[in-house]
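Chain naming follows the written order as A, B, C, D, E and F, and within any one chain the residues start at number 1.
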């Protein structure tokens, strides 16, 4: 019954600036079994090759999520009426040790997965998606809708480093966690190291929709393409905030001009309703490089958009 | 004759950074009868439920309005040649007392109204429009073109508070100041408290054009709709700066992503020429949350766009 | 026994940027009886006559308090070993209604007082101290050590407004809550409205140590004076962050140059050990005007300094 | 052979934040004959009538250009494989003396021109283009593709000042350096001093595409128009960063809302491939007014876009 | 009689953020004869060799001066009761032409001087003091109390430029406007071009009190020294904001660490009461490099400190 | 002979904002044997437990070092006349791999050491000092003058991590690189994890001068103590910018209020002349958390102060 679900603090009763900022002003839980959708922070940016700062993402996204209300104004989805949602706190991390962090994050998400709870996470840099995949996709490779300015399928950095925020999806494919044929990348752009950068993605069958192709296709055709590619199998949504133009999301480590608008991103996410969704993340929000909290606000709103389609998806399953 | 009208200081003679910043670098008047269009500040944000700061709006919009020149580059309207325009200073306010402020603001606008002068105001938060309406619309309810991310027709906050920046238009309709059937709201978006939020506006006949519908309609069809709804009776334009996407207007109390571009807003305002205009305001510019003055600059430019259609309207009446 | 007391999350195990930011990373409680010292936010600035923003103080001070550790490096006081301390959340407030807010805050502190818990609060503007006094000092007027650039004993603003952040202590004296003869104000400075501004404080016997006198007296003599004035009766410490020079605390509504250094403030607070302390607050931290969180960090550190002398005071009582 | 060309430092080997920031992390040369395309800074804003600061543009664009990689993601042009490119340092300037600066800049570019090297420059304010033209176009007037919010063909400022950042192209036409009939201006907008402002450009035959016309034409038709106007003769590209909307380029002296998006600008520049290009500049990046380096990043990326079409142009000539 | 003097707007009646910001919220006059002390802006930084921006100083100092009240809290001087003070607007300047600006500024101050009015000015860079001296000191060389991190007695820059913000006092001495033997410089510090930098000042007899000597002497001995050097002849006070440590005044073009505190500066200025004062300025406040307005606030407060000793000086003459 | 030494670009000829920013505008060298003192960046913050960002330190300190001139204003030391000084670029680092970075940094400094060149470095976080010691102190443990708010002698973080910016000096002592009996720490303050935090330093004989003791001792007595402790053996100076109060150095990862002033720090460094100096560093400048470059400017000035005593030391050896 609706009334027993956890509810956000009502901003018409208690002002938004009051109280501790949990995600969406929801109650905080420690046992994932208490909720159907878990909002989780992963405050870690140890895979960042240039400007660090995404470790501070979860805290600022929580802060700005105080601005969210309860019902989607277009779909009229009321996620908190449909499902039990809560803030599960932050995954454990080690800012000094990359491999230890990957292991700890994986362990945390195994508990989520074992509880049958769907995780909606906020990074952290994009390498956090790899240990999440290790927990969620052990049985069978999953599909992915990937919003990003970068393909993140590079191989190695700084000599022989295989784990950075530029490599998670090559590793995930190599480890059999991600099915490249059920993966679509949208918004890719920006100068590249070499033409070979894009070869891996193409060779293994990822459907790459560069920003320029997205502009030509438009939202609706892009969505058709996405649904065709990922189909009805289990699918993850990974939203790197740098898919957005820096004017919407200046607070990120590797901005690329000429990006997607929030309008377009919102329309795309709304169009993902109906997929078989098993998890999602919003990554690379980097508060030290943000301007007036606009990137964190955008991250919080994208999280709410995702939450709405997840709540609907869980209800109609 | 043109040459006797008040003129802005010429930036090709005296640089923009010199001198005290009046609106548009115009002379300051204390008697509204000396001008046909009065530029007025209302430095008050006592109705703000979350982030205050719009009280500082008039000063910063004045500051940035030093960048405005004298002739519109598309319509070639030269407002200062057409009508007498001046800076009338700020309406009196009381930062500690909401009801006293509403009364003082109303009194100030009664003098404007009695002088037959058309007010073009800069807030302040959106509650300032209510006392302006009380002064301008006592005889007969007026129509409104309302740019905003929010409908501002909520009922009560924090228990029993009837006057906040989320309620002015419900109050205005209840008081018979605003004709909902001649009211159009453009750009509404963002999560809502409950589906009932939108019921009041719909029930009383306001034409609500959500952001999503605006994107589909486009500028021209939206303008047709606006002209149909408000007709030729007296009409007020209220421009809440948060109708714009936060990338254009970060300095506001309740930003919502996925908003209107300045390009679209300018095209819409230019298309309002020909309405029977009795006043306008630009509200919710909040300098403490602004980034490099961009929101105040936008507010000043919107003000200039409005001034041009008002000057034309007064001349052709 | 020490080990049963609530303890902050250890930053050598879980990094400071992880998790929800409660005050000092302590557990959050809802029943004041569970702790001996309650850390409380009062997110309200409805009494502010110029630049609002202190409503956002508690959230940012909580955020920056993640940088605090557990033991005082000079006194070696370990407050969490000595007493039970917790975050009691925020007092209820109404951003639209001054009198309602005063009533709600008073009610909240009555519960604190009835539980026998000592409140250590973060504002909010300085008017919040009045309802706190109404809860704590109903039986008998209390003494006060008051750090501030301003005496806050003005009478009225904007006509007839008796309650602003410039008037709390005149009201408190009039209401018999504050004993002016046991009150000392340190750091007063800045231009004044008229010579009469200072008459009230002097006439009723407050010991005013202007900034200039403080510079001459130095820390030790000032402390002697303080101990002489307040004696051994119940005493409250009110720390307006604007007592500090704006270089240490730019994020405040009414900065005055030529202020106290944090060094001096810390030495003074450490010298208050041994007083009969019944409560304290840190007010006027205004994040929208802060620079890089430095004022909130200062507020959090002052709070820790106060906590240490309170923990010691409670233990030795 | 490719391998002997100067190459940027590889960010997959040496992180972007390491080392001194030359343009694109390229080697620095002092002899223009060593390169085919010279990247040059002109740190001078002595022609600025309002907000100075573009003098700091070259340093910050160099800094942000560390984010650029080596290959264009759409055209797959690899400029450093095609031609020899290097950082030639900054042109000599005199911040106190306008006429001396014009002379020194001209002298520097004469050396560039005599070496047969193509200059790609970063200002500095827009007046720097005049001495560049004096060096490059002495033999014969050149054509220009001019991106700007302002026509920069005013006559005089502050009495009798003929050289400001609002006048370079009137001077260039008067001096026979610029062929107005082979000049197209794109993105012009914003209020104007008087209707006569635009008369000069129109009278001498410049093709002015106001922002509003550009929106109607779209990118492709605009490009046809550009190619028609400038033809196959030698052509210069001058990119004033204020052609972009302030949300993409807040850090500039004379922002005008309602501007071009970076997406559109990138598409336009890519469409200029095939012109007979003899030089280009990116001007009016003003770091003191920038927000988080976004304008300098945009300037660096525009520079890379230009570099790609220049490299291709030099190779296919 | 006191009541006929111009009075600032009272912030206890009209909030500080309301209205146009004149200096100290005083009435604006155009005829210098109407006041005894004229507050004047000189928005010009054409003599700046590094970071421009002081042209924006007068506007921001006016803005922050809204925080000033009417009576000095230590001396109890009430300047507006003692003398007629008003805002005389800004001196005319030409941002493109150094020599023309010097001439225009001089002309403006000649009018001030002929009216027998004492000017208290806000720059602008330090070169503005030269034309002020040309107007005030034509009859007879004056003495000066000079607060600065730099001696400003260099000879030439960038080849042969004799007029920059690093040279005004060498020029003033050469022109017989400034009596070096009645000049004292306080706070000089920071690395120098060569040991000869200091030779000129020493050779011509200026009493240079480096920062290090000031620390040793302390405020009182420094003041004795100042009174000894300047004596009872006409004396000017020039306060370069960079005499203060950058923590108090980050918004300036040439910051030097290890500077004076505002506390010390205020004590020094208060100790100048009794001098034969003929004018003063506060220069090098550069808003684009300021942090949250702190430098402009400091500039406004220094201006108020100066105003108090000038008001007293005029009254007791 | 003096004239053959590398010299900074002269700001009286080429303005400070022009050209690529090397340290002190000196020439860049790749062979350490070409200079006697090498200015080196170590852009790495992989040991940071909370707020990263010091990786960007070298670039911003280089940028702000453009403000330095050539001669010390107190000592009149002219370092570039005394010794050959140059910018040696940045040490190689790996942002993803802590142990690899320690190894690469050590290797780089071995070359410096083998060339007999004295390194003056800019971090980077404080862990960089460990690999520098490994290169410089292999033969024999060195002494150290250590400016810091933190002792940096902790043992382990996040379980078992032995290498963080909180542990370098415990490791250095364990490895026999640092002689604790010849080590003095100045400025230690801020809350601590436990009383045991300080036990290690005390037990092994480090002379710890807490901030509070420093205030009591004053500069001169502190200097006596320092000279007594470190004596005439080889000594390193490590200057963590957080020894300064956050008002002077907000841009750092672990600010602690109540810190040292730049004035005091400068006096202390000047008093270190005469020590047997073998190297120095300035660490923990973190540009993403800086305000207007003030921390980087301070870092650059501290570097110049150090350079002067090193130049003198090398000359008089």
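What we mean here is this: a residue touches a chain if its C-beta (ideal position, glycine included) is under 8 Å from a C-beta of that chain, and two chains touch if they have at least 3 such contacts.
Model, not experiment: these values are computed from the prediction.
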Common touching chains of subunit F and subunit D: A, E
Selected pair, greater C-beta contact count between C-E and B-E: C-E
Angle (degrees, nearest 5) of the CA superposition of subunit B onto subunit F: 180
Centroid distance [mean C-alpha coordinates] between subunit D and subunit A, Å: 38
Distance between chain centroids, defined by C-alpha means - subunit D, subunit E (Å): 40
For subunit A, residues contacting two or more additional chains: 15, 17, 49-51, 55-56, 95, 157-159, 245, 247, 289, 291
Which pairs of chains touch, using the document's own definition: A-B, A-C, A-D, A-F, B-C, B-D, B-E, C-E, C-F, D-E, D-F, E-F
Parts of subunit B lying in touch with subunit A, wherever the complex brings them together: 49-51, 154, 156-159, 188-195, 197-198, 210-212, 215, 245-247, 250-251, 254-259, 289-291
Residue ranges of subunit C in contact with subunit B within the complex: 45-53, 55-56, 94-98, 100, 157-159, 161, 163-164, 288-289
Of all residues in subunit B, those that touch subunit D in their complex: 10-13, 15-17, 67-74, 76, 78, 245, 247-248, 261-263, 266, 291-292, 294, 297-298, 301, 304
Contact set on subunit D toward subunit F in their complex: 14-15, 17-22, 28, 41, 43, 55-56, 58-59, 62-63, 87, 89-90, 92-93, 95
